[in-house]
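In the two complexes below, subunit A is the common chain; its partner is subunit B in one and subunit C in the other.
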Partner chain A sequence: MTEALQRFGYAGVGAILFGVLFWGALLIVAPMLLMVDLAFRPYLPNPKDVGGPLDVYTIQNFAKVFLDPLNVWVFWKTIYASILVTVVSLLIGYPLSYILVRAGRSAWIGILMIGLLIPFWVNEILRTFAWQLLLARYGFINTVLMGLGLIDDPIQFTNTDFGVQVGLVYAYILFMIFPLYSTMESLDPNQVDAARDLGAPFWRIHWDIVVPHSKPGIASGCIVTFMLSAGSYVVPELLGGTRSIWFTKLIYLQFDAINWNLGSAYGFTLVSLCLVFILLVMAMFRVSLKDIAR
Partner chain B sequence: MTSTVLVSADAASRPWLTSDQVMRISVGVYLTAFFLYMFLPLVYMMLVTFNDSRIPTLTPWKGFTLRWFQEMWADERMWNSVIKSFIIGFWVIVLSVPLGLAGALFMTRMRVLGQSFVYAVLVSPVLMPGIIIGLSTLVFWDTQFRIGGRWELSVLGQTSFIAAYCMLIFMARLTRFDRTLEEAALDLGATPFQAFRTIMVPYMRPAILSASVLAFLQSFENFNTTLFTIGNDITLTMFIAGKIRAGTTPALNALAFVMVAFTIAAGIVYEILRRREAARTEARARAARQAELAAEAGAG
Partner chain C sequence: MANDLELIDVHKKFGDFVAVHGVSVAIPQGEFFSFLGPSGCGKTTILRMISGFIDPTSGAIKLAGRDLNGIGPNKRPTALIFQNLALFPLMSVADNIGYGLMVRGVSSAERRKVVERMLELIALRGYGDKRIDELSGGQKQRVAIARALAVEPKVLLLDEPLSALDLKLRQHMRQELRAIQRSTGVTFIYITHDQGEALAMSDRVAVMSQGRIEQVGPSAEVYNQPQTAFVASFVGENNAIAGKVAASEYGYAVLDTPFGRLRAANPRNVAAGEAALLFVRPERVRLAAPGANGADNVVESQVLDGVFEGPVANILLANEGQQRPITVSLSNDGNTPRVARGERRRITFSPDDAILLPPASRPVAEAMPAEARA
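So, the complex of A and B:
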């Protein structure tokens, strides 16, 4: 600390500490604690009751979340679909990242990377809008399928869970690919070549060398993809419509109805879900938070 | 892997393919399929703009038009939302860059008890669903300070996680910082503020620039956090979402066309700059090698 005082002076150290305190306490911790606090208090429509004898800690909001079968169904569906999206993204993203890393020295790599970055930079809403146009009742995909004579009537893609899942994979797959790519890039290619020269089949090369090496990338890709899917609002809103409700929509509906306490309980549930998922993935891949947040 | 695979279609002229060729072809097919998957939706969305139809679709084709660009251009609500997004983005830069720098200096230049806990707190918003950040920001400022949903609140909500990205950028740059420069300045009688301004700030300038660009882009495209905090104000993403929900004309595709075109242009500029930088590094390395050889020759 004396060292820092010498470098920055009292004013400098004061400014740094003030910044960290303002950011950490006022923008992160306090709002989060207040959300948890609200989640465990009853909704009191009359503002005069807030802080009064009726304002006690209770789990009635969580009871409301989990006793409503529709809510429970939406909750499980969100988990199931987010895991599905994560797995599909991994299955598509893993070979792609590996190909890109192996092509690392070719002249193509710059163009391929730009080809990944451009869709990544395009706004999430616009990317989802593009899929809405493709999947629409008389959109591109149905028109092509009908033109080829494969189907007689248009298939209903939008307003279904399937449509939402397709949109989620498209929206978030690049969040899987970039961490995968960056861990695979640090793998010494000689290891792979040596294994191949010694006669290892390609699945052994991956299972014994590439996968263990890219574990942190797989773990952080899975975590980010899952969290973005489970926490997505835009994709289910635009592709699921009123027929395929997502857990985030339930949160928003409570806030629209000004029941912030119940809304906070929903929010807290989502945060807990994500936390459980992170811990599970970290245990599964035996990686620490430090490996992931690099 | 010396096995070979029979290709039935072309059996007479070229009956055998080596496994290497099979690998190469399947890699090509895979890459082509993936990039078609990435770009086809965007290209389709852009082409729809030119169809003279009130519904955003390419089929049936009703003739070429540019009127959707005109309609988009004349939309006053869109322009207002763009302005609001720019204002929010500006303030997010103003807050996130100093906060991120403070966090990075705190992490790299101080020794305090509980430092790693503070780090975990500061990066936690990156691993938090955006709508949770939005709703916790809203309930906190509304119940404690009676500041309800409005664009200023979106600035605070977005800053809470964008500052973390800035901090990570600054920390990466600070690990290579040469502290003796600062020590020299202080020994020669500079005040801490002068040393900071004349040594730290110039050194951090590239990182400050990229953190600002990243902060602005993150803010500009943010939806989830903004949704809860924005109140009755409208940003560009809110405007687009509202349009889509209400069932839009291809005027929205015109907007999408412009935005994707900007992104592609930015991508090309980025690649050109990257190549120029790579070429410069290469040239410098070559010059250094030659100098080394010349020196060796001279010594020998």
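So, the complex of A and C:
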């Protein structure tokens, strides 16, 4: 702080603080509080009633969310599927990151990394459309499988939960790989060699050395992947269609029907439970916010 | 003996680069053996081959007569101490030391006993619960040794583990390593570019250059009777005087040099008419008493500079236009004569203290990286 004062002066530090506070308070905290406020008030179709005697604090919106079994089912399905997507991303991302790190800085690794990155320069909607083409009833995968004679009839991939999950893994796996890669890269390769030299078999080296070291990366990768999956709108919309409804779709439908109050209650529910999930993951991996920020 | 280690004509190539070129050496059980050489001489490659991280391109590495080829590092009865120690920072001192036993499935009660014994050996009793980052450099060093010894290796490999320590601690750790080696009786194979370290600790030293062993022998032998120009110049300080052999007889030779005719032992029998290097240690050269002569070599030259180093004072002498001065080390024993810069002085050394060797296959200066000369 004193160093910052020396460098930028009171005016400079003041300007920076103001900018950060402005950003945080006005653009992030205020809308959130507004949403919480909306969620606890009834939907009044007549704008004249807003702020009037009918506009009282109530939990009726949340009652609607939780008393409708379909809502609850979609909600838990979203959470379950997001966990599944997170776990699958971790199972794919962990070995991939480890191989990338251990292979060092060869030209091939550079090409591989660019190969991983380039698809993400393309808009998420377009990428998801590409998966629609791959997974369609007479799309690439079904055509190949049938051509090989492995299946007789096309498999229904699109408009299913499975299709959505595949799309989500693809859409967000980089958010798993990058934090994993960067924590693994900071692991001294001699640590791995030392464990091996002391007699540790392959799986023990990972369990005792690589995983504990990569814990902050695993935790932040899991949290980001989970949050993005649970909050994804485009992927379920395009790959799930009408048959596989995601919770975000329910939120959207309320706002679409101009019922901001109920929509806010839906949104608030999702955000709170995702926060609970984050805290659970952090407790499970015994990592603090400081570790993740590192 | 039972656990002798043998390297038989070991080669290692990385692509076109030959890192190790036909190394053969037998290391009996319980020996403190050092590979000494500049960086890039292949000593680390040898270490990694013995520990099993890389396989030789050809040749065999045998322990107790059994070929180790194809046995992974986690199955070999060797333990390696890394240059940066590679202690596990997320584990306690006790867990570090017990790790090798844990992965071998040793019960926790048995493990605790071994860890206690190891902590005693390295004089760190009661440090078991400490974190690694709470230890000093020397303590970390000793924990690394304990971690490696806990698995009762037949051979302990050390990859310049002292290089990160400051001078005082390094000298102390030399003695400690030597004491631990004697008390455990485990074969120690030590890799270093620091000739002082190698000479001080080892029973035998192998001096390496460009993937080959130049000379193997006890410290004093390598220092006093170098067999190649590389060994003579790499191990310790040495004066090298280039010249041409004028005559050679009875193991002695006469060499024509810019400092005049000098006589020296000629163990490699360099023939008359050939170029050769005369090596004489600075501590074997004396300032000549006025009028002294006899059978010794005598050189008269101009004092360029004096360098006081504490236990010795070095005087550098050279004639006009000479690139390489002769260094004379005078013991700081209270009777050190005063020598002024620019003064002409006569110096003398016995032909038995001077060794004539064929010139190195490549320039000596190039063979010595800066950190090795320091």
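Here is the rule we use: the second predicted complex is superposed on the first by the 272 of 294 C-alpha atoms of A that agree within 3 Å, B and C clash if a C-alpha of one lies under 4 Å from a C-alpha of the other, contacts with A are read in each partner's own complex, and residues count from 1 in each chain.
Just so it is clear, a residue touches a chain if its C-beta (ideal position, glycine included) is under 8 Å from a C-beta of that chain, and two chains touch if they have at least 3 such contacts.
Remember, it's a predicted structure, so these values are computed and weren't measured experimentally.
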Most subunit A residues touched (candidates subunit B, subunit C): B
Partner chain(s) touched by A:193 [first = subunit B, second = subunit C, both, neither]: second
Partner chain(s) touched by A:201 [first = subunit B, second = subunit C, both, neither]: both
Touching partner for A:209 - first (subunit B), second (subunit C), both, neither: second
Touched partner set for A:166, first subunit B, second subunit C, both or neither: neither
On subunit A, the residue positions that both subunit B and subunit C contact, one per complex: 196, 201
Residue ranges of subunit B in contact with subunit A within the complex: 1, 27, 30-31, 34-35, 37-42, 44-45, 48, 56-59, 98-99, 101-103, 105-106, 109-112, 118, 120-133, 135-141, 143-144, 156, 159-160, 163, 182, 186, 191-193, 195-196, 217, 221, 223-224, 227-228, 237, 240-241, 244-245, 252, 256, 259-260, 263-264, 266-268, 270-271, 274-275
Contact set on subunit A toward subunit B in their complex: 1, 3-4, 6-9, 11-13, 15-20, 22-24, 27-32, 34-35, 38, 92, 95-96, 99, 110-112, 114-119, 121-127, 129-134, 136, 138-140, 143, 170, 196, 201-202, 223-224, 227-228, 230-234, 237-238, 248, 251-252, 255, 260, 263-264, 267, 270-271, 274, 278, 289, 293
Subunit A partner contacts - residues on subunit C that touch it in the complex: 51, 53, 72-75, 78-80, 82-84, 86-88, 90, 99-100, 103-104, 147-148, 151
Of subunit A, residues touching subunit C in the complex: 188, 190-191, 193-201, 204, 208-209, 212-213
